[in-house]
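Next up: some structures, all given as structure tokens.
Both complexes shown next keep subunit A, but they swap its partner, so subunit B is in the first and subunit C is in the second.
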Partner chain A sequence: MQPLLHLKYRLLAPLVLVLGAVIGYPLAFSLWVSLHNYTLTAIGQAKLVGAANYLGLLANPSYWRAIGNTVTFVLVAVGLELILGFGLALLLHHRATPLRHLFRSLLLTPMFITPIAVGLMFRFLLNSQLGIIPQALKALGIHVDWFGSRLALFSLALIDVWQWTPFMLLLLLAGLEALPTEPFEAARVDGASGWNMVRYVTLPLMRPVILAAVVIRMLDAFKVYEYVYAITRGGPGESTETIQYHIYRVGFLYFRMGEAAAMAYTLIIVVLILVILLFYVLRRSAT
Partner chain B sequence: MKGKLLITILLALALGIAACGPKPTPAATPASEAETPAAAATTAPPAPPSETVTLTVIMEQVPDYDIVAQLTPQFEAKNPNIKIKFDAMPYDAMRDKILTSFLAPQATYDIIIVDNPWMDEFAKAGFLTPLDEYIAATPGYDFNDFVGPVREIGVVDGKVYGVPYYNYALGMIVRQDLFDNPDYQAKYQAKYGKPLTVPTTLEDYVQVGQFFKEQGIYGAAMQPQRGYKVFEEWKNWLYAAGGDLMDAQGNVIIDNEAAQKALELYIEMYKTAAPPDSLNWGFDESLRSMAAGESATMISYNWMLPTLNKPGGPAGDLAGKFALYEVPGGKAVLGTWHWAIPHNTPNKDAAWMFVSWLTSKMVDKQRVIMGGAPTRVSVMTDTEVWEKGFGKGYYETVLKILEDAEPLARGPHAEEIINEVGTYLNSAVAGEMSVAQALKAAAEKTREISARP
Partner chain C sequence: MISRRLATQAIILLILCLALAIVIFPYLWTLLASFKTEAALNRPLDWNFTPTLANWQAMLHSEIPRQVLNSIIVGAVTVLLSLLLGAPAAYSFSRFRTGGDGARFAVLLAQMLPPAALIVPLFLLMYTLRLLDTLWAVVASHLTFILPLVTWFLIGFFDDVPPELEEQAMVDGCTQWQAFYRVVLPTIRPGLGAAALFGFVLSWNDLFYALLLTGKHSRTLPVGIAGYWTFRGIEMGQMSAAIILAIGPVIIASFFVQRYLVRGLGGGAVKG
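Right, the complex of A and B next:
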């Protein structure tokens, strides 16, 4: 007697069921919520509103500001993390670097701290009354208002850089150590200088690893919430209101879940567009 | 193939971002059902439970909670069948925990505390038990002894849903020694042609602030932090300028001339007399600034005074040099916490027994003597409280403040209105928007929010 399903489907079934329960159902439910005027204080009165929650976002300046802030944050943070991470990976990969194993361990520590603790830590480190950083800068005659309206978003991006450059470093270092040695030996025989080796040999060979590292970090950076919650609460004004924090405010402070779910879905679209764009640019440059 | 696999993984990751948003919740009880009179619709007080009942109480982790926790063993000794379990947590964690408890088939919390912006929202949603009949059935409770404006916050559509726990009305705390300093008095007299006194108008407040700044002390430790904080501080300025959020008919008037004047003066004070880089300051930073002797005045919670004047407290040698006054203009912003009983607890009678005991005249007096923020008139006028507490002058001033105070906003959308208006105010202080732009945007947003069902 033939089994009802082929073995491969039977083996897949448990995973599909689990994913369906933990991802599929919440996603489908949040899509349903986004199409209703679903408010937690009046769940019984939720009515179908169609695309009204989505259309309402078009005329919602706070939403667009949050999207703009998030994109800026991601570009600044991930851009700096890539540059610093790659530079550090090259240094740690170089055999002449003294104590490189010790530095490798030390440099990885920030990413093992929970982000909310990092947020609180920097809230005090950069605090104008108590912070050691403003005090040290003051001693040098430098005055920086870290959480003023001009710098606040950049300060949050720098905190992200402090915490997540090690992640970039880890991936890029693993990539560097896995590269074949022959192209480097050939380049050396041809008389390539240090910079030319990096520019024409290391970077092209590392492109897939860089791509993976940047995409993973970008997706993670889009979820930025903890630093905003712990330090600025989106202020001054709306200058550090990121989309995740905005969704939290609308959904969990004001209980308007329909609108919050619609925002979450638009975030998915923004993220997907960025990912596709990145793939397109990198593939085109590869050809 | 690899690309497709990667895209699939990325899609799953991206979708995961949205999946951490809203989650399914059980249906709430319709408001009409929850508004039925409480189970104990009798004239007799509720009887103690025949079997042991454990009541879970959600609390904010603040000094007033410690006092309640210290008093509670007295209640448990008198009522051996009722055990009290506290779940104390930071403010930020409370609102969603309380809501989740409301939406559960059976409440997680038998007793909750309700911040004033949540009262109308929770009561109108049918989440709270009306307490009128319990109050009427409790001998000697004297509900009208609570100061009027404090008491009224717990009343929604003519029914009582909360009884006062403690107040956080705002007052002006000053360094009295600076105002009494003959040198400063002479300088101020010479410069402005009038004596240096604690300001009672906005114009005087800004002038006094700028004067102290010239003497090397910041004039005001302000709290322009986005959201609740800036609105809580600025609305005192708004009252002093003759403005309000809404008029008596419920029309939004936060963009009128009085509001314009109040915000212009507030920003002038921030720019010319407040500590630099304080755009994100809340009450803890302001308190620190006062305690460090850095600032001459602050508009903050009235019970900050005993904290500052406490020997060996945060102000060190400055303890005893601070004094409390009414805010300029007299009318202050009122904040309160109320005790309430969720609609879905099966232990309503036992919950009321605890709440009514704790807020009774006798126990409330003990609570205030131990340092709790007062809410009852009889307690604030009690000579024993004056002697054992923080002195006659303090309680008299607090009573005056409470009698002429109003909450930031009322209605089912108060939380959102407060946060949104506070965002525009902070934008104006930060210079991101002009005063007129910020107030116009705040008014439009308030109208939009108020128009929602």
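Right, the complex of A and C next:
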């Protein structure tokens, strides 16, 4: 054999070994845990229970509440991020816009900072006694309880919009910059302008980029945890209990690791489907 | 015609300034809060207050500096390991198509795995190995997402290097391995830098793993920040100072990675 053939596997081997240790083995172990009655308080006495943890989820209202909350959160947050991000990307793509590079650099900053800081900053800003926003609204005669049971999930989604619209903006702006110029010139010759140009030329050309950006954001938004931990801890009631927070609670506050592992596996399936979709979209837009 | 164009520009500028104000306001408000006394913090609408450095002094004499150091150690070790392991692997994926689409898909999937899927087994594993409350546990957990991410980034950058470059080097007498680390690696230096910086930021920002795997001796900065606002009490001024410490450097670093981020995120799927 030629040494070249060996090299490509030699280059790869360390990565495979380490990922096998930190991801592969834990995933296999987690599957085993999910099939056992495994509690942190009695680790030695784990009993095989088969699919009982999974079947138990079907009749578990808290689990479905968490799934429902997470889906609502993801749809509201990612939907708003798409609209705002696309609008801002169009404005920043406009060549005549003054100071566009400065605006771009500063508008992108929220996506880089730690989500726990974002959660705490907004808890502070929106706090009904200490926060400037409710105080200022009160001065105008408006009373809003941002973290009451009716608005809390929506408020968390708005915080996500603050932090992650920049990510949408980043990807969509790059997509706009990579578009060919010919279709736009042809449309201009045909008399299209303004909104029609966006509606009939930009949007269809941007469809693969938009789809990829939305799927990446959805994958990320499904993991929402820090805002919940920083602000509501799932409350009031279960109104902001999201799936990642619920898994944390069941596994590490109630010590029911088997049940938590089973929930985690249902989450992996959702992620797997989304990643397949993303890979397909990325590949198609490349060719 | 000219006045219409000016009007459009004015509207665009207005919208962008509004967006900028929304982005910047939380930063400025937190910075301001870090210089306020407790009494001033209770009167958010009162702009007339005497600034104080007490919060910063208290924060710097708390556990926070130790936690900053922990975060730096974890981030540096994670990123170093990710580059050492990820760069050769990414080169193999890019140049030899090792494993084909399936391998690239696996790298993408690995970085997208939800932390909740891995925390239960990682916690139990670290418990068994007696590594809970050590920085090693945090490094291992951060490798689960930063190693695939760095690899994914670098596949994209290697894909952009023309094969002629190393073919020429090999004609000149280099082995394939020498061509890789003497010729190809230096040409993707910006990609290595961007992947390292972005990987470090992700490690620096992580709360979920660090919260569950660390204890008294090994808390990282995000865990420390989360500890300021508990059901027992709030230290708003100190918390604000710690938040500025956590996000200030990252905001500055972001100006250097933004340029390369799109290429990196497109990674191994864009070509191939």
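In the analysis below, the second predicted complex is superposed on the first by the 255 of 287 C-alpha atoms of A that agree within 3 Å, B and C clash if a C-alpha of one lies under 4 Å from a C-alpha of the other, contacts with A are read in each partner's own complex, and residues count from 1 in each chain.
Here is the rule we go by: a residue touches a chain if its C-beta (ideal position, glycine included) is under 8 Å from a C-beta of that chain, and two chains touch if they have at least 3 such contacts.
Nothing here was measured: the structure is a model prediction, and the numbers come from that model.
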(message) With both complexes superposed on chain A, which partner does A:V18 reach: first (subunit B), second (subunit C), both or neither?
(response) second
(message) One more residue to check, A:F252. First (subunit B), second (subunit C), both or neither?
(response) both
(message) Taking the superposition on A as described, I'd like to know which of subunit B and subunit C A:L35 touches: first, second, both or neither.
(response) neither
(message) For A:D145 in the superposed arrangement: first (subunit B), second (subunit C), both or neither?
(response) first
(message) Output check: A:L107 vs subunit B and subunit C. Expected answer is one of first, second, both, neither. What do you get?
(response) second
(request) Tell me which of subunit B and subunit C touches more residues of subunit A. (result) C
(message) In the overlaid three-chain picture, which partner chain does A:L88 touch, first (subunit B) or second (subunit C), both, or neither?
(response) second
(request) Check the residue A:G235 against both partner chains and state whether it touches subunit B (first), subunit C (second), both, or neither. (result) first
(message) Looking at A:A66, would you say it contacts subunit B, subunit C, both, or neither? Reply first, second, both or neither.
(response) neither
(request) State whether A:V49 touches subunit B only (first), subunit C only (second), both chains, or neither. (result) neither
(request) Touching subunit B in one complex and subunit C in the other: list those residues of subunit A. (result) 23, 26-27, 29-30, 33, 43, 129-130, 219, 222-223, 244, 247, 251-252, 257, 260-261, 264-265, 267-268, 271-272, 275, 279
(message) If we count contacts the way the header does, which residues on subunit B are in touch with subunit A in the complex?
(response) 3, 6-7, 10-19, 21-25, 27-30, 95-96, 99, 103, 121-122, 124-125, 127, 225-227, 275-280, 285, 288-289, 292, 412-413, 415-416, 419, 423-424, 426-427, 429-433, 453
(request) Could you pull out which subunit C residues touch subunit A in their complex? (result) 5, 9, 12-13, 15-16, 19-20, 22-24, 26, 29-30, 33, 41-42, 44-45, 81, 84-86, 88-89, 91-93, 95-96, 98-99, 101, 104-105, 108-110, 112-125, 140-141, 143-144, 147-148, 151, 176-177, 180, 201, 204-208, 211-212, 221-222, 225-226, 228-229, 236, 239-240, 243, 246-247, 250-251, 253-255, 257-258, 261-262, 265-266, 269-272
(request) Would you pull the subunit A residues touching subunit C in the complex into a rising list? (result) 3-4, 7-9, 11-12, 14-16, 18-19, 22-23, 25-27, 29-30, 33, 43, 88, 91-92, 94, 96-98, 103-110, 112-118, 120-125, 129-132, 135-136, 139, 162, 166, 170-171, 174, 216, 219, 222-223, 225-226, 229-230, 243-244, 247-248, 251-252, 257, 260-261, 263-265, 267-268, 271-272, 274-276, 278-279, 282-283, 286
(message) Residue numbers of subunit A touching subunit B in their complex, please.
(response) 23, 26-27, 29-30, 33, 38, 40-44, 128-130, 145, 147-149, 212, 215, 219, 222-223, 232-239, 244, 247, 249, 251-255, 257, 260-261, 264-265, 267-268, 271-272, 275, 279
